[in-house]
Each structure stands twice: as C-alpha cells, then as structure tokens.
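Both complexes shown next keep chain A, but they swap its partner, so chain B is in the first and chain C is in the second.
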Partner chain A sequence: MPETRSNAGIGLHGLVKSYGGAPVIPGLDAELEGGEFTVILGPSGCGKSTLLNCIAGLERLTAGRITIAGREVQEEEPKNRRLAMVFQSYALYPHMTVAENIGYALKVARVPKAERMARVAAAAKLVELGDYLGRRPGQLSGGQRQRVAIARAVVREPQVLLYDEPLSNLDAKLRQDMRMELAGLHRRIGATSVFVTHDQVEAMTLADRIMVLNKGRIEQFDTPEAIYHRPASAFVAGFIGSPAMNLIDVTGDGSHLRLSDGTALARHPHRGPAILGIRPEQVQAAPGGIPAAVTWREDLGAHCVLTLRLGDGTALRLATGPGQAAGTAATLRIALPAAALHLFDISTGRALAAAAAPATMKAEHDHLPS
Partner chain B sequence: MIENTRSIDRVATAILIAGLAFVLAPLAVVVITATQSYEDFLARNFSLVPGTHFAGNFREIWTRTDLPRQTLNSVIVGAITAAGRIALAVTTSYAVVYFAGRGRGLVYAAVVASIMLPLELMIITAYQVTANVALPLDAVANMGGWWGALFGAPLDLQWNLLDTYAGISVPMMAQGSCTLILVQFFRTIPPQLARAAIIDGAGPLRFLRDILLPLSKGPLTALGIYMFISAWVQYMWPLVAASSPARTMAVVGLARLQEDAERIPDFPLQMTGAILVTLPPLILIALFQRRIVRGLTLSEK
Partner chain C sequence: MKQAIFRARFLLWGLAAPQLIVLFLFFYLPIILAFCWAFHLEQPFGGGSQFVGLANFRRVLGSSEFWSSAGATLLYMVLASGTSVAAALVLALAADRALKVSPLARNVFIWPKAVASASIGVIFVFILNPFLGILAPLNDLWPGFWNPRTNVLHTYIMLFAANVWNAIPFSFIILLAGLQAIPQELHRAGAMDGAGPWRRLRDIQLPLLGPQLFVVIVLEVADSLSGSFGLIDTMTQGGPGGATNLLVYKIYSDGFKAYDLSGAATQTVILMALVACVTGVQYLFLERKVNYDR
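After this line comes the complex of A and B, so read on.
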C-alpha cells in the first residue's frame, strides 16, 4: 500500500452532547488535521468515548457541527462518513470467519466478490493475518482478534480511523507490541486517526497530538512533548507522567513560595496562593535543602520512588535517577530547582504564564514514562 | 458441587430410581396395554402381562381411524404455530432490545403479561373472532349505526376461519413466553456488535439477518421445538376450533377414538393411538436433544 496521507481533517464546532439534560460534553471546539494521529486521553467518565461515538455517528449530537474533509457530517449515517472504527472488545462477528469479518462491510456495500477477496487478502496481509482467514474469532488469541478488528477497519480504505480503547483488553507485553504495530500501520496507510484511551503511555507513544479531556472539556490539545513539559493545567500535570507530578498548595510572598507553615520551598516572584507542580524525577536531594522525612520507599529496579513528608505534613514524591540508590536514611534534604517548577492558578487550575518551565529540560527526556 | 460421600450417592440413586419409576410407570402401562387385544382386555381387564396384538392394533389405528391424518394435521398446525410464535418473538424482542422507542417497556410488559392469559380464558371471544375475522371491523363500522346510515345497510363482512389450519394456529401464536426468553438472549449479545455492524454499513434488517439471527440459531432451534410441542399438546382450543375429523388435531382425535359411550372402551386401541401421537415429538427431541440443551443455556460460544 502506498504511503499516503489522508487530508480528511476533522472539525468539531461547538459540539454539545447531553443525556437527559446532563451535559457530558458541554461544548467543544477542535481541529484535527488530516493524516494526524490524535489521541483523546482522559479518566473514565470524561466523555472521551462519547466524543468518539459522536464523530463516528453512533451518537446523535445535541448541538454543534462535525466536519470531515470539510463536509458537514453530523446528520449523515455512519456509513456515509467514510470512517471505520476499532472497538475495545473487538466486536467481531463470532459466527463469521476472519475473512468474512474483514469483508463484511464490502459485502454490505456490494463490492464484487473478486475485488472483495483481493482487498480482504491485502488487509489481512497488512496485519499479518494471512494464515488465519478461514478461522473463526473464537479460535484466535486476543492479539489476533485485535488484528482482525483492525483489518476490518482498514479494508474499507477509510479517510478516518477511530479507535475506542483498542488495547485495553490485551496484556502488557502484547499491548506494547500492538502499539508499535499501530504506529507502523498509521505511517503506512496515513488515515486521520482518532484514538481514545485512558492510558497515558499509549497517548505519549502514539500521538501526533494529545487531546486531554476532563469532564467533557479540553484541558490541553498539544503535542506529547508540550503536554509533558508544558502542562496547561494542574489536571494535565497530574494526569501525565508516572509517578504523577507533585501538586502542592503554596503561597508566594514575591520572593519565595512557602508552605502553610512558612517553609520556603523555592525561589519565585509569584505573589498569593497557587499550586506548585514539580515532577518527582526533578526533585533533587541537596545538602542544606528543605528537610523531609521518608515515609515510603519503592524500589522499581531502574529507579526508586520515595514518598517524603515535608514540615507541614505535605506529601511529596521523589524519583531517583536511573541506577541511583535510594539510601536508607529516614530523613533527607531536598531542593526544588526553579527551572523545573510549574505554577497553577489555585481556583481554575490553569497554568500561570510566568511560571511556564523552559522547554529545554534536556534531562527530562530520560524520564518519559514507559 | 461435588460430593463424594458414599451414603449421599446411595440416597441420591434411590431418589432417582423412585422418580424414574413414578414417571415411567404410566408409560409402561400404556405400552403394555397397547400390545393386548380388545378380547384380552375384556377378559382380563388391565393387566401387566404384555400381549402380542400390537401390530394388529397399529394396523387398525392406521387404516380404520382418522388418527394418521390427524397426526399430520398436528405436524402442520404445530409447525405453523411454532413458526408464527418465533417470528413474532424475534421481531418483538429485536424492537424491545435494540430500539429506544417510546413505550417499549409497555409493549414488553404487555407481551409478557400475555403469558399469564392462556387462550382458554378468552376462548369464547377467540371462537367468535375466528368464526368471523372481520367481526371487529364490522363492530367498529356499525358503532352508532353510521355505516348503515351512510350505505343503507350495516357492514356485514364474513371471513370464517373455523376448521382451517390458520384458524387453529393463528390464535395460538399470540403467546409471549418466546419473547421473554429471546429478549434475555438478545441482551447477552454484546451491544458493540450492533455498533460494528452500523459502522460496516449494515441497516437494521441487514443486522438482523446477517448477525443477530445466525447468532441466535441455538436458542431459536430450542424455542422452535418447545413451541412445536406445546402446540402439539394443546387440547381445548383445537377441540373448539376444528370440528371436522379432517382438520382435528391428533390429541383431540385421540380423545375422540372412543365416542360410543355404550361400549366398554377399547383401551388397547387407544393406547396404541397414544403411542402413535407421542412419536413425532419424541423423534424431534431425540434428534435435537443436544441443541435444545445448548440453546437454553443461552450462551453462544
């Protein structure tokens, strides 16, 4: 299959979806570019699957418009939107063979049999399923079923490919393999892809851009790099990264950020209350720093995660560098480097502009979650 | 639960044997009596000594009574009734499970309530309507006499279905137990299948034909056989709805074998007839036994 890039961008304009008066998506605008791999990331119940179903046409919009390749589709039947979908539980037809499953959409669309067979074979080859065309889904492993589901989606040569948590039923090892395969597949077929997940690793590794969704609203829609290094809100900061970013209530006096008991945590010109964010891997052990009691120690092999308690009882996590021993000390002195700080508004949770950390935190690339 | 205690095994076996004897004893009497001749029977009354006259009894049933014809009637009416019930159940269940229409709960409740209303309760009304299917239409048209005022004479359409296969089977179709079971089965089918089918471009009828019905093959077969048998053993309605021997169903015909109240009943002949009438459903169950059991566990794997 040639390396092409779909130019079917998806536009979401003032999209509202409510169930019986309760809005799941209270109003959402976004532009997904053609050929882009967008991951919609969020906790369960944030409306991400609803959003995907709205794009697919499985759910009717309460208000708003959806465009695909510039064409309004919100009143169109799903089959006329030129899209395909991969479901979480595969949703294969159990009574049909692999070939019949893959070819069903073509059969419904009355594609002549010879062409249908050829396209089914090509799609099966794409996901390396050629030997299993005569089997039934019940005779396949989870990973193979997922491949059938993907082949069933790509066989129609859709402009848009939608994935609804497709990897969440697989075990960890298989999930990693499938991630790589999905990325490769996307490079080969180049369809505009929308991938819904609650797994930040999938989001970080697959996405061109991540849309972080919280309670039906976009918290941030940006590249994985920007999402990680320049989280636009405390929600994003706490959601992305493992272990999660420390979020501490502080008060700025113009020169320092202080805890409620007055301990100065870091130098910063901010005045007034704020939420201070710092990634555990950027908390440094420093002689002469802030005293902290070690309350819990997790040795993960590659690095250790310490849970610390600061003077006023605030918990803080520290991740040591690779291979660095955690030590056994009951107390530790730590420092929070100014360049690694994120500041968020105490009421809205949005990032405070002045506090945006510089993007050139080279060392952080070693700490992408894996 | 697996128990290996020997005393429990013995008690269980004893209970099973007792139960078996209880169920089989009447059948044994039927089979033994069927082998005796009328003369034997007159001489010795009921006895448990098997005779040698079964072939003769059977020949008499086969050549001199309407029972073979009536058995065929039962097969036809049973098949029509079962097919009708299944068709109604499939469409109703499909609507109830897959379509979020208003009042679908009400429809479902009404259908299920029909299980509690056997045909016997409405037998007079059912008879009237079957005797003239146009009766409700006539009644509405003549309400307040407006049809007569408009056209000079009251509407008097006649369409008598008594003594026809349709007349016997159609009223028996209106029965909700199939719907109850199918609704439960449809609910076990992952809803994502329907969504996948929509994305694949299949409309509602296409989904029903290509996916839902093939997946329901097991339960449908089981239900079909159950419904066939439950129509087979119906007595009251077929007795009322069919009067000519040529349309009477087997069970009714069996009861009519002995109409001459003066004579001592020819029990050996009746028992032979009973065996003939029992055979078709028995063969059906024997053939589909495994499917029935699998179909009713309501899981498709």
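After this line comes the complex of A and C, so read on.
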C-alpha cells in the first residue's frame, strides 16, 4: 500500500447524542484533519465511544452534522461512509478463518476472488500474519487477534480508520509493541485515524492531536505537547501526567499565592482565589523553601515519588529527577518554580491566561509517563 | 466423580439408586419386554407365550398398512419438526432484534410446553372445528372450505398447527438465548464490513447459532416421532381413512384395541430403531457442520 496521506478530514458540527433525553454529548464541534491521527481521551463514561460510534454510523445522531471528506454522512449507512473500525473485543467472526475474517468485507462487496485473495494476503503481510491465514480466531493469541482485527480494517483501504480502545485487552508488554506497530502502520497507510482510549500513554505516544473529552464536552483539542505543557483546564491538567499534576486551592494577594493558613507558596501577580497546578517532577527540593512533612515514599527505581503534607494539611506530590535518591528525611523544604506554575479559575476550571507557563522545558521529556 | 470426595462406594450407588430404579422400571424394563414380545406370540389376555423367531417381523413388514403408516410417520417427522423449528427461529430472530426477555417472561413463554399434548389436541379440535371453530364462517361462505375431518391436507394442517403451538416455546427459548449470546460487537463489525441485516443473519447469526439449532432439531425430530400420540389420539384417531395413523398411534391401536400384543411390540422395536437411526444420522452428518467456537 502506498505511503499517502488521506485527505478525508472529519467535520463534527453541533453534534448532539442523547439516550432517552439524557444527553451524552450535549453539543460538540471539531475539525479532524485528513491523514491526522486523533486520539479521543477521557475517563469512562465521558462519551468518547459514543462519539466514535456516531462517526462510524453505528449510532444515530440526535442532532448535528458529520462530514467526511466534505460529504455529509450522518444519514448514511456505515458501509457507505468508507471507514473501518477496530473494536475493543476485536469482534472477529469465530466461525471464519483468519483469511475469511479479513476478506469478509471484500466478499460482501463482491470483489472477485483472485483480487480478494491478493488483498487479504497484502493486508495480512502488513500486520505480519501471513502464516496464520488458515487458522480460526480461537487458535490465536490476543496480540494475533488484534492484528487480524487491524488487517480486517485496513484491507478495504478505508479513508478513515476508527479504533475503539483496541489495546485495552492486551497485557502491558504487548500493548507497548502494538502501540509502536500502530504508529508505524499509520505512517505507511496514512488514513485519517480516530483512536478512543482512556490511557494517557497511548494518547501521548500515538496522537498528532488529542481531544480530551469530559462529560461529552471537549476540554482541549491540541497536540500532545500542548496538552501536557499548556493544559487548558484543571481537568486536563489532572488527567494527563503520571503521577498526576498537583492541584492546590490558593489565594493570590497580588504578589504571592498563599495557602489557607497564609503560607506563601510562590510569587505570582494573581489576585483572588484560584487553583494552582504544578507537576510533581517540577516541585523542587530547596534549602530555605516551604517546609513540608514527608508522609509517603514510593521508590519506582528510575525516580522516587514523595507525598508531602504542607502546613495547612494540603497534600502535594514531588517526583525526584532520574537517579536522584529520595533521602530518608521526615521533613523537606521545597520551592515551586514560577515558570512551572499553572493557574486555573476556581469555578470554571479553565486556565488563567496570565499563568501560561513557558512552552517547553527540555528536561521534562524525561518525565513523560511511561 | 473423584473417589476422594465419596470414600464409601455404597454411598455413590445409594445416591444414584432412586434415579436408576425409576429409569429401569419405566424405561429399560418396557424396552426389554418389547424386545421379548417381538420374538414371541403373546396371548391377548395373558397366559403363556410361544417363541416364533422372526415371524412377527415378517408379518409386520409384509403388511401394506405398516408401510403407509411408516411413510406417514416420516413425512410427519420432517414437516412437524421443520415447521416448529422454523416458526420458533423466526420468532426468536424477531425477538432478538429489540427484546430484553425478563426471567418472568421466559417463564411464561415456557408454559405451553407444560400442557399435555392431549389437552392441546382437545383445545385445537374445538378451535378448528369446521362448524363451531374460528374457520366456521368461511365454511358458511364457501361450503367445504375447511374440513379436517374429511380432507387429509386439512387434517395435517390442524396437526401441525397444534404441534407448532406446543413446540415453539421450548425451541424459542433455546434459540433466543443462543442469539442473545452473540456479542453485539459482531453485529457492529458486520455492519462496518458492509453486511446488511439479511447478510448478517446468514453469515454471522445462523452459523453461530449452530449448536442451539442442532439441539433443537434433534429434540424436535425425536419428539415428533413419539410425542405426536396425544395429538392424534384426541384430534384424528388416525383418520381420515388412516391418513394420520402414524406408527406411534398404530402401535397403540394394534396393541390395546386389536389386542395384537406381539405385532405392537414388534412395531415398537422398529420405531425405536428408527428413532435411534435418525438421531444417529443427525449426529453423524449434521453435527459436523456445527461450529462450537464462540
């Protein structure tokens, strides 16, 4: 298959999906570029699978429009939308061989047998399944079934590939391998891809852009880099990163952000209450800083995560740099560098513009969750 | 069963004994007696029997009445099991589309199976009575439109209607359970692959329903050979003109009305052999096509 990029962008316009009056997606607008790998990320129940099923045509919209390559498709049957889907449970036909599974869509479309066989063989080769064409799904391992599901999706050369949490049934090692293979596959076939997951690692590693979904609304739709470094809301900040970003209720007096007991945490011109966000790996141990009691220590080998308690009882997590010893001290003094601070509105949770942190800090890449 | 769980062997036999005794008294003993009588000439009112070898078989197999009865039995077997399984399958497919069947509903569905076929026969004879039943007004308009007492075709339609009504619940429940066990994602995958509802029915649902379909067919075929007695006895008594005198009814009338005990026993042996053969053939040829992978 040629190394081309699909030009089939997906447009979601005023998309509403309700079940019996309860809106799962209350109204959503987004443009997914052609050839782009979009990851829809969110906690369970946020509407991400519903959104995917709406794009696929497996669920009818309550209101709104969906365009694929500029064509309105919300009234079309799934088969007429020129897309393919990889399911969480793989959904392989248990009574068909691997070759029959992969070729079923072609058979339904009455592709002549010779061409069908050639395309099945090519798709199987793409996912390195050539030796297993005569087997039944029941005789395959989880990873192999996953490959069959992917081959079945790509064999039709779809404009759009949809993935519904395809890696969640695999063990950790296999998930990592499949992640790399999916990224490579996307580079080779270049189809517009939409990938639903609740796993931030998959999102960070696979996505060109991540759509963070919360209760059916888009919290942020941006590159992984921006999502990580410039979270648009406290929800995104708390959802991305492992360990999660510290979110602390503070009050600004114009020069400092203070805890409820008056302790000054950091210099900042903000006035009024706000949520202060700082990633655990950016909390620094500093002589002369804010005193904190160490309540829990986790040594993860590469680095340590300390859970600290500040003067007013606020819990805060600190991740040490690679190879840095955590020490055994019961108390610690810490500093929160101004450049690493995020500030969120106390009621809406949206990021406050004045607090936008500098774009990148090279050292942080070592801390990308893994 | 591991010996370690039941140390004392007599306990094992003790626990199994009630079942074994009932099985022996009401199943194996009659079979053994039937085999015995098939090779003896029995007195109609008891009192001595005489070994006659294969004479009974020669007599039975030489009678044209037996062959027409056997033919009717096979025809009834195919049509009765076919119509009842097909009707149950259609209903189950329709129900599977959009129905969550509660345990209570399942319970209610199965009730007709608990009605004795003789009772069903009495009810259907009344419902389909040419002068009093639901089709009577049509007979007023077109005399002779419906008369199961004289028209063989009508008689069979009446029998099948009663049989289908009797057999549907059991098959329906099993088939519906099988359909509902097919994961929803397979339907979705089929839809994504471009298969419409009929195509999915043929390529996905029916193959995956194989095990349930097989069980239902085997049971319905066996049931149509032996279970038709109640219906025939109450609805047609073998008529009109012996057209519905199936083996199972002929055995009864030969044995208990004509007192030909040896002839009845011989035909019983033949009917048993027929049931065994048909079931064996189903397992040999039909089961090969059943796919148990899920």
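Note that the second predicted complex is superposed on the first by the 370 of 370 C-alpha atoms of A that agree within 3 Å, B and C clash if a C-alpha of one lies under 4 Å from a C-alpha of the other, contacts with A are read in each partner's own complex, and residues count from 1 in each chain.
Definition applied: a contact is a pair of C-beta atoms (placed from the backbone, for glycine too) under 8 Å apart; a residue touches a chain by one contact, two chains touch by 3 or more.
Since the model is a prediction, treat every value here as computed from it, not as a measurement.
Model built by superposing both complexes on chain A: chain B and chain C clash.
In the superposed pair of complexes, A:137 makes contact with chain C only, with no contact to chain B. In the overlay built on the shared chain, the residue A:104 is in contact with chain B and with chain C.
Within the superposed three-chain model, A:84 lies in touch with chain B and with chain C [touch as defined at top].
In the superposed model, A:95 lies in contact with both chain B and chain C. On chain A, the surface touched by chain B in one complex and the surface touched by chain C in the other have residues 53, 56-58, 78-79, 83-85, 87-89, 91-95, 104-105, 108-109, 138, 152 in common.
Looking at the complex, you find that chain B touches chain A at residues 190, 192-193, 195-202, 206, 210-211, 214-215, 300-301. On the side of chain A, the complex with chain B involves touching residues 53, 56-58, 78-79, 83-85, 87-89, 91-95, 104-105, 108-109, 138, 152. Against chain C, the residues of chain A that register as touching in their complex are 53, 56-58, 77-79, 83-85, 87-89, 91-95, 104-105, 108-109, 136-138, 152.
Residues 183, 185-186, 188-195, 199, 203-204, 207-208, 210, 291, 293-294 of chain C are the ones that touch chain A when the two sit in their complex.
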